[in-house]
Amino acid sequence: MTDLEMIKRFQDTRKRVRENMGKVKHKIAVISGKGGVGKSTFTVNLAIAFAAKGHMERVGILDADFHGPSVPKMLGAKGQMIQSDDGRILPVIGPMGIRVVSTEFILPDENTPVIWRGPLKMNAIRDFLSEISWGELDFLLIDLPPGTGDEPLSIAQLLPDLDGVIVITIPSQVSQLVVKKSVNFARRLNLPVIGIVENMSGFICPNCGTKVDIFQAGGGRKIAEELNIPFLGSIPIDQRICEDADNGKPFILEHKYSPATEAFMEIVDKIEKYLEAQDMLRENS
Amino acid sequence: MFDPRITVLEHRLSQVNNIFAVSSGKGGVGKSVIASVLALILARKGFKVGLMDLDFTSPSTHLILGVKDIFPKEKEGIVPPTVYGIKFMSIVYFSKDKALSLRGQDFSDSFLEILAITRWGNLDYLILDMPPGINDATLDVVRFMKRVKFIIVTTPSLLSFSTVKKLLDSLHTSKVEVLGIIENMKIENSSSIREHVKGTRFLGEIPFDPQLEKCFGEVRELLSTEISRKLEKIVDKIIYQNV
Amino acid sequence: MHEWALAEAIIYTVTEIAEREGFREILSVNVKVGELQQVDLETIKFALTQLKRGKLEKAEFKVETVKAKLKCRICGEIWDFDKDKLDEEVAEAIHFVPEVAHSFIKCPKCSAQDFEFMEGRRMYIESVGGIR
């Protein structure tokens, strides 16, 4: 393929994605500097929260983390995607009517890891993503592959008109460097950072029992202030979050009155306010 | 003289967990659309689903789903082809596009024949699209599928509902479970049958969509209609009471 | 092959009869198949020998075809079913579901499609013999 053909192909794919996402009101990408910080858990619970707040059947999740697609398992969605005659793919319907598409669904089975190589892999994933017909949605959350490198970038580039990115981090990783990388990631895509979430869920290892030093927490807020980006909040450690994720039961539904859920819902409020403000700006301009 | 088909029918359905018959008192109330979309939604929710068109004289689910040029596989019987995640069975595989008029016993014979040779395998739900009213199909389904549960479709018209009442009476007499009533083709200011429904669950209202015709044969379009969204809620009501 | 499905149906039914009638062992089973079903006798006999178990282990199966006769409900004409007059696809459809003959066959005298199968429509078990 010549460069020109490559560009042509990319543009075609983008056009297709734009058509298929035409009726999605808000699109938010969730990113993290590293894997294992609870990015997918956050995404799933955010989707549930939106659905519960009056958006039943109007929330979608795109699980684009092809290294370890985990959204279907966490959500307890085992359904099958339907492909229509024109090749477009209809998402699976998960709990509370959440539309789910995961790279997991194109794997032969649960135990087969994706080991496609380089450009071939990217093209296959792009083709797949471009065929998803989302229908009418209020929110689409995109769980990107971890890191701020080329892989998450080339997927995010494919998605038109994202509202912004949410950065998930954990206290031990909160350093100016990591957060700066995320800010740069958003900048390269010309997207705002909606905010940082300090998540500690991955911090107590149920197997080795490593404990977190609570006093490390709060670093996120400081760094956010320094970099002049919004700080959305911290979610306190709760081992049950991990257990719930393993059992396919979203945390905020299972433990409605826990400190973690409370903190989480405050974050959801902030995200909603951000989106409302954006809507108003858009209307005024 | 023993009819082996009757015995084998039970075996053929032994791995089918639920059988739902979508029926109506009179024709033209949108029953086949509802049966088809119901099956699609269940499949998208991750259930193993079968759809069988029992309206032998005027089958239409294949047109709603846009099924063409397929034929069941022969494997120690016949295996229904999978379309859009649904195992789909219809007499049109055999009658092609020709008219088929069947009198009483002929209906029963073809009903038994198809069920005796169809291998559904493991299904969570088998949806039956019934011909309208009380007829051979209703009687045979009740006679040969003891576990069947009915979903009744009506329009807001009291005329339609009066035919539903007869169907309900007849099902009640035969001790068949009715999952509820769906009010289809609702338009603003139309009369409501909700308050007339007594002793049976009212499952919900579905709006009239003048554009629906355009979606026939286009599953993606069909599933993005308001009708499908409303049915999704109804599906939840039905299945979470019957797990 | 759909003959296997029919054979299976016969086995299930005879097993049930054996239970109900208190047979220790079934020795003979007479099966009639309608010509309309166009069942391949060799295949169904083979399937039966492969599927028989338990009380049916020693059973001999006799399978015979019954000629199909059709009678017009309009003019009363009676005629024989002739497979060779049909094209292959139609014959196959009738093989699966004989009633679809109503879509393809007409009365040779008055062309009506309202006819009945006098005999030779379907398969049935005529008799079962064994030791109680």
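Observations on the structure shown:
By letter and in written order, the chains are A, B and C; residue numbering begins at 1 in each of them.
Everything below uses one rule, namely that a residue touches a chain if its C-beta (ideal position, glycine included) is under 8 Å from a C-beta of that chain, and two chains touch if they have at least 3 such contacts.
Treat the numbers as computed from the prediction; the structure is a model and nothing was measured.
For the pair chain A and chain B, there is no chain touching both partners.
Nearest to the overall CA centre, using the mean of each chain's CA atoms, is chain B.
Measuring from the averaged C-alpha position of chain A to that of chain B gives a distance of 39 Å.
Centre-to-centre spacing of chain B and chain C amounts to 29 Å, using the average Cα coordinate of each chain.
Centroid to centroid, with C-alpha atoms defining each point, chain A and chain C lie 60 Å apart. Of all residues in chain B, none touches two or more other chains. For chain A in complex with chain B, the touching residues are 56-57, 77-86, 88, 90-93, 97, 133, 135-136. Of all residues in chain B, those touching chain A in their complex are 40-41, 43-47, 66, 84-85, 218-220, 223-224, 229, 232-233. Chain C meets chain B in the complex at residues 1-2, 4-6, 8-10, 12-13, 16-17, 89, 93-94, 96-100, 102-104, 113-114, 116, 121-126, 128. Of all the residues in chain B, the ones that touch chain C in their complex are 1-8, 11, 74, 76-78, 91, 93-96, 98-103, 106-107, 109-110, 113-114, 116-117, 119.
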